[in-house]
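Would you mind keeping the following structure in view while I ask a few things?
Each chain gets a letter, A, B, C, D and E, in the order it is written, and its residues are counted from 1.
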Amino acid sequence: MWKFIVRRLFITMPQVLLLSVLVFLMAQMMPGDALSGQIDPNIDPAAIEAQREKLGLNDPWYVQYVDWVGSALHGDLGQSFRHKMPVTDLIGQRLANSFWLAVATLILTYLIAIPLGIISGRYNDTLRDQLITGYTYIGFATPLFIFALVSLWVFGFKLEWFPTGGSVAPGLEPGTFPYIVSKLQHLLLPALSMALITTVNTVQYLRSEIIDTKQKDFIITARAKGAPESRVYHRHILRNSLLPLAAFLGFEITGLIGGTIFVETIYSYPGMGLLFMDSITLRDYSVVTSVVLLLGVVSILGVLLSDIILSMVDPRIRIK
Amino acid sequence: MADTLLEVKHLNTSFRINDNYYAAVDDVSLTVNKNEVLAIVGESGSGKSALAFSIMGLHNRAKIEGGIFFKQQDLVGLPKSKLNKLRGDELSMIFQDPLTALNPLMNIEDQIGETILLHHKKLSRKKRKERVIDLLNQVGIPRPEQICEQFPHQLSGGMRQRVIIAIAIANNPELLIADEPTTALDVTIQAQILDLIQDLKESMHTGIILITHDLGVVAEMADRVAVMYAGQIVELADVHTLFEKPLHPYTRSLLHSVPNEGQDKLHVIQGIVPSLQHLPRQGCRFAERIPWLDGSAHEENPELHEVKPDHFVRCTCYRHFHFPAEREGWTHGIS
Amino acid sequence: MAFLEVKNLKVHFPVRGGLFNRKIDAVKAVDGVSFTIEQGKTYGLVGESGSGKTTTGRAIIGLNKITAGQVIFEGQGLTGKSSRVQKDVQMIFQDPYSSLNPRKRVLDLIAEPLRNYEKLTKQDELEQVIQLLKKVGLSQDSIWKYPHEFSGGQRQRIGIARAIALKPKLIIADEPVSALDVSVQAQVLNFMQEIQEELNLTYLFISHDLGIVKHMSDRIGIMYKGRFVEEGTTGEIFNSPQHIYTKRLVAAIPDIDPKKRSLQKHLRQEVQSEYKRSYHDYFDEQGHVYDLRNISDSHLAALPEKG
Amino acid sequence: MAELQAGATGRQEKSPSALKIMWRELARDKVALISFIFLLMVTVFVYGISLFLNQDEIVAVDLFEIHQPPTGEFWLGTDYGGRDVFGQLIIGTRNSLSIGILVTLMTGIIGVLYGLISGYFGGTVDNIMMRIVDFFLILPFLMIVIVFLAIVPKYDIFSFSLIMTSFLWMGIARLIRSKALQERELDYAQASKSLGTPEWKIMFSQVLPNLSSLIIVTMTLNLAANIGLESGLSFLGFGFPESTPSLGTLLGYARNPQTLEFRWWIWVPAAVLIFVLMLSVRNVGEALKRASDSRQRRG
Amino acid sequence: ACSDEDAGAEVEGKDDAEKGESAQDEVFSIDDFEQIKTNQGEAIEGGTLNFGLVSDTAFEGTLNFNFYSGNPDAQVISWFDESLLDVDENYAYTNDGAATLDVDREAKTITFKIRDNVNWHDGEPVTAEDWQFAYEVIGHPDYDGIRYGSDFTIIKGMEAYHNGKADTISGIEVIDEKTMKITYDTFTPSLLSSGIWSYAMPKHIFKDIPVADMSSSPEVREHPIGMGPFKVDSIVPGESVTFVKNEDYWRGEPNLDGVTLKVINPNVVVQALENGEVDLVDSFPTDQYPENADMSNVEFVGDVDLAYTYIGFKLGKWDADAGEVVPDPDAKMADVDLRRAMWHAVDNDAVGKKFYNGLRWNASTLIPPSHPDYHDDSIEAPTYDPDKANQLLDDAGYEDVNGDGIREDKDGNELVINFASMSGGDTAEPLAQYYIQAWEAVGLKVELLDGRLQEFNTFYDRVEADDPEIDIYQGAWSVGYDVNPAGLYGRDAAFNYTRYASEENDALLQEGVSEKAFDEAYRQDVYSKWQELMVEEIPVFPTVYRAVIIPVNNRVQNYAVDFKEGVGIYRYQLAVTQEEAVTAE
């Protein structure tokens, strides 16, 4: 087991390295830097130039890269030019928000997908299944951003059921109960709209997985043992169909990252997606770099996690 | 008859294809007694498995008509819950493909234990495990404690087939249906498995339906033999009669097409087994594969005749059939 | 000069794993096999599943890389890197359903080898294909059909037509009938024999069905775990098997006569107990097969030196 | 011989080709058929009509026609630049479709080639090529594309599609590679090999055609996804300038709450169109998928 | 003043279904807006005000006047900290603030005296040393902010300190605890109109923090203090800040108990106002005004913005070594008649009315009416007159020689003018399109650079670098309190993006900060002449002036637009008339 994890980690290393080079070069190619935004007649351009020099913005790229990697390894992702604070701190706040959003979305996704997928797969080609399939079609055809926009408008503005921006109501003491409630309130609508759209893949996947499993020979074996339908479903079909979802988790996380860009932008939810969008327009490239790097690493870890989970639950690939 | 275990009466099993029902098992009647092996032979697609699945009630969307009486109780139309009480307990089945018939995510103990659990709910976990190990010993698996913890993919084909047998015999069934239990196995292992089934019959007086297309296996194992062709039983007799004095052209052709001592050319049956949709539904179904026999040789509605006591043959064409030496060989295009 | 000579053939498949997917082990699918085949004869190769029969066949024709040893065909080596497929050696595959590309017409299927080796005009090609079809007993209008329109036996004949298109001398038939029903098997086996005579073909006939091998072969080699345990004429193998494994194999064949069943069972049990008893006489400490030794001129068995 | 050929062609009972099976399945499935016809009509209509439309005129700002609701002159009203929404919808659909199709084709070609090569060579080459694919797969796609779009100073429909393509080809490559690896081991490929057919020929003239239905299905489904992606990027403001409208551009206007609430005619038609387009493509794709999977075939 | 103004600005609002055509055609005028929220009713004791910071990005959280860079941060800081000096409506210093000043022009010194009751939130008095400390921090070589500019360099000894050659700034002298004297090298009228750095820094808090770490220190980001009417209570980074009143505020105890500030997205600002979630905002998107002009629970106040939008013509290059512009007489846009014709060709009046419903309006000179004493509206600037434009072009030799409807240059060669414009506001695209069309209408072929709008940073990068691809561009300047335009149009100004220079211009700009210019009337006259010169020479032409509009909930009293200087209303006076905000019907 440990060997397997270590081995997987070894495969992960070059990926992370490659990722870091890629994002760094990308950032370098961007026109302008943070200081080119400081257009103020009262400020001496020479002072701006001096700042550039001081921040190392005029060094050759590889020097900057090595510097950056070196400090990144020490947990220092540099300084945000815009926010005048360590990127790590900046990301820290946002990451927590995005993390909770992702967790809520994942929970909702599975909360929706598993029952629907099961019903749809178990009673395939019945009215129930057709309704659920209809939903998956609609979910597929509705771009996330349209859905999020319309839900914001309906549930946020018109019905006022949910707050329309931010991650928490102002003035609450962190850690207190109202604070947590407010946090939940703020992430529910974004999470829900993301979940409702992204879940359709999972529903469909589960459905076809169940239909597949239903036709497997070992299901017949189970029936021949005299197992009642309910047991056949729970013990044999479900277990075997849910397992591949574990492998999905990793890609689900990659997908979530894309989704957060839309959802956080639309709901002004201060997470990584919004930070990314802000930073890219502000050319705060140490932040862009770090966000992409970090989320890339999260994706890599997501896939790693999937692999590990899968290798633990699936005896066929379990490591001796 | 007191020791009649299973009586199948005019069984029709039809599958729905493009809004039409096609019978894969067509008016099959047979009986199985205690302590008896009834072999069912026939080419691929002749409806052997369909018959077995009908008896076990394992078909999903087939139309089943007729009667299947297991110890006088009609299984056709029996509620699922009652059927489940029988299945795996008094009535059980060994499946053909050891590679796919086991749940890949369950360990061996659980898979065998499940059958026991389902029918002996009160048995303690420990007792159950004991029984599982007992069964594994019985089917000749070495180191049963260790095997218990393992998963199907860790076992060889022969071992898996034994596990499947262990599942089938876990509750000492009265009727055991073995659907080509050895087709996927090597001869040496096949021999062991067949011996195992034989022992079972002897020790527990189980009635066994053995489905196979290997005549050698039939000769080794069966008490009585039913030959199926295109969904129908074309000949039914005890094993010696069948091998010594086969009557139906199909049976005779089959026996001739197996390589045997001193045989130079093998006999070839013309044509192919028609698919379910294209089965001739009128007249003798074997007629088109012996085209040199005149139509008048066949019955219009061939029936299973009891030509001698306990020897049944379908259609009268057997009386006219002889091997046409000149037609042997394979030089026939598609008809 | 032997027609086909296989000398100490080894085919090992690497098992990858470890940190960097390095080769950590090898499956010794074929591990030191030698035999010769005479022209015009059928050589049967039997053994249980996984014993390396297919791998041997594929190595000869060049579909598998040879790890060590030599394959000498008519005095010419087929070994090593020059695993170029020879026109003279062809193969018939086990499954007539999957060995024909379902999207190709019979014409294209049969013409494929011709197109690879011979530059023919369309017309000549068509004629040749029709000739081949005639030879395998299929009507000429079959050329425009697709494989799925044929029965298993007919498909296998299409496979054979392909194999003989280049007028090969040696055909490796890897379980050519095991996917077929008994009635169809006969058809194909008969045809293979006929065509052998007609074209003076040599077969390497691979099967795990001893009955069929017995029917077809002049000589038989018995494989076990990548090695030969016994080799001899059909009569020698069946009438006086020397190696315990051969005995066991022969004993396991169910007899078609129900009257002999108790006899058979008896024999089986005897062999089985002998097998258990004398296992160590026939296999070395690691369970490996010994090298073949001559019992008679034509009969070899893998028995330990001491006898 | 002539007679023979005549006789032979007379019995053209061909095995239904992949396309034919697909078409049959499509014709059987009413919803898919309607979707297909709808798609065809939209495509023909949009490309046809845009030949007659003057794009410059449509995207010309008219200070005196700003935010007109739908009228006889402006069927779907005008936007905040006084530009005809209907015309923009047509051009936008054309642009979105073009990008969608272009990306789908390019990812298809690259993915298929890559997958085939990787599957064909196998071994170390395959190992390395797949590590590259794995790497691309875990990249946060949307972010990287956005960064690229921010870097590239000037792009047209083609280079835009190229950027999207660079991060979208892996899915199909992986699929094709795994299928190619499987097919390569199948008996028919092995048989061809033993008959002396070179491996690349087996790959391209035998394996590839056998994968064609899979490729068609995957590309159809990808098309829907790509149209969605393009409009998403335009929505976020990383698409084309308003003078080259796409469906996403029109939808992007809805980020302005006034437009969202009071000027439905600007964004609702685009939203509906996107929805119906994606749904139709999906319907067709699913029907094709059923066609290619004989187990699921309806007839 | 920060000047990253977007060129385009926002969509003008439009008719909704009910309001129909009326809202669409409605044109507003800034003259109709009050600057101060007047209100009947009794103010209650205490109450909490909800302030909306309208931004689609989070505020950065550099909460100190000495370090912040973006406007959102400035909005946050101004609730809890303030300038020591007050100015009047013309942005000249007065003695009404927390400190008074005494100017000695001869000696080039100013002596500041901080009032006795001015204390930091932690109770420590605000001292002269605190103020001096601010100068020392900003002037410090390690300082990482952007404040170090001409305010500082003119102080005696500053350069030496800044270059690390001196440990102290010789020109800054602490006389006693509350008195500080600054000696300047040069002394200009600009200095007295907001040219002094007037924000102190609590030295007792910052003295042990290295300058380089200050901007990211918790003292700046997490629990900042100031001397303003409210104290920071809690911060949700980037999202919201709560303030409580500073009872010890030097002007007197604030009326309100506290203020809650939160960031709201421009897209939701109307809803937030309607349901009373926020009482007022820092800026209201003008495009949303027409539909919401009669929102029942708020009153809109407004003022002229200190900004203008303009079209600039590239006329030369920047010589970085010499630090001055080098005009190029052969530049594509060098012909002033071409430039004037382009001004005549565009209808900025219609742009203001149609795109901005009158909340932006035709501009004439480069000193906007936000400086009422200096803006000269008697100057006749070119207005929309396509015939005149055609005439001018014909006369100047830009004729259509090949009959394709597009004018060629004087030599008959193809003339394509490349136009850079930046993205940002919602109307940016149609506006740029409009200008291109308008120029095309007089036969000038103008093309958008790269076919698309430039993102803000790219735009300024390229404009700044004198990218040869750019012939003209649309920009916007937000103007400082000081009217002196030398920072934007001087020969040595890097921000002089058009790279225009002339002797006359030099002379006038010099004159504007001369000794004589301490005389207000004289200075007005100088800048009047300068405005006229710009209308003659047209290195740039202003397109529109702008208004700021702020909705204020009906319960709020004593609010002036951004607490505009000189109106005599201060934040501590803010009050509400009821506990809860009024919501819309």
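Assume a residue touches a chain if its C-beta (ideal position, glycine included) is under 8 Å from a C-beta of that chain, and two chains touch if they have at least 3 such contacts.
Values in this document were obtained by computation on a predicted structure and should not be read as measured data.
Tell me the fewest steps from subunit C to subunit E, where a step is a jump to a chain it touches.
Each step joins two touching chains, and the minimum needed here is 2.
Looking at chain pairs A-D and D-E, which one is connected by more C-beta pairs in contact?
Answer by contact count: A-D.
Which chain's mean C-alpha position is the greatest distance from subunit B's?
E
How many angstrom between the C-alpha centroids of subunit E and subunit D?
Roughly 47 Å separates the two chain centres.
Per the centroid of Cα atoms for each chain, what is the distance between subunit B and subunit E, given in Å?
Those two chain centres are 92 Å apart.
Rounded to a whole Å, what is the gap between the Cα centroids of subunit B and subunit C?
The mean C-alpha positions of subunit B and subunit C differ by 31 Å.
Take the average of all CA coordinates in subunit A, do the same for subunit B, and state the distance between these two points in whole angstrom.
54
Note the residues in subunit D that touch 2 or more other chains, in rising order.
150, 153, 255, 257, 261
Which residues belonging to subunit A are in contact with no fewer than two other chains?
Residue numbers touching two or more other chains: 31, 157.
Can you list the residues on subunit E that touch subunit A in the complex?
1-4, 56-58, 60-62, 67, 69-70, 144-151, 153, 215-216, 220-221, 233-234, 236-242, 260-265, 267-268, 271-272, 275, 455-458, 460-462, 464, 477, 480, 487-488, 493-495
Could you list, by residue number, the parts of subunit A that touch subunit D in their complex?
11, 14-15, 18-19, 22-23, 26-27, 29-31, 137-138, 140-146, 149, 153, 157, 251, 254, 257-258, 261-262, 265-266, 276-277, 280, 288, 291-292, 295-296, 299-300, 302-303
Taking the complex as given, what residues does subunit A use to touch subunit B?
Contacts found on subunit A: 216-218, 220-229, 231, 235-236, 239-240, 243, 313-316.
Which bits of subunit E are touching subunit D when the two form their complex?
Against subunit D, subunit E makes touches at 11-17, 24, 267-268, 270-271, 287-288, 291, 347, 350-351, 354-355, 423, 426-427, 429-431, 433-434, 437, 448, 450-453, 455, 458.
Going by the contact rule at the top, pick out the subunit D residues touching subunit E in the complex.
On the subunit D side, the touching residues are 59-61, 63-64, 66-67, 69, 80-83, 150, 153-154, 156, 237, 240-244, 255-259, 261-263.
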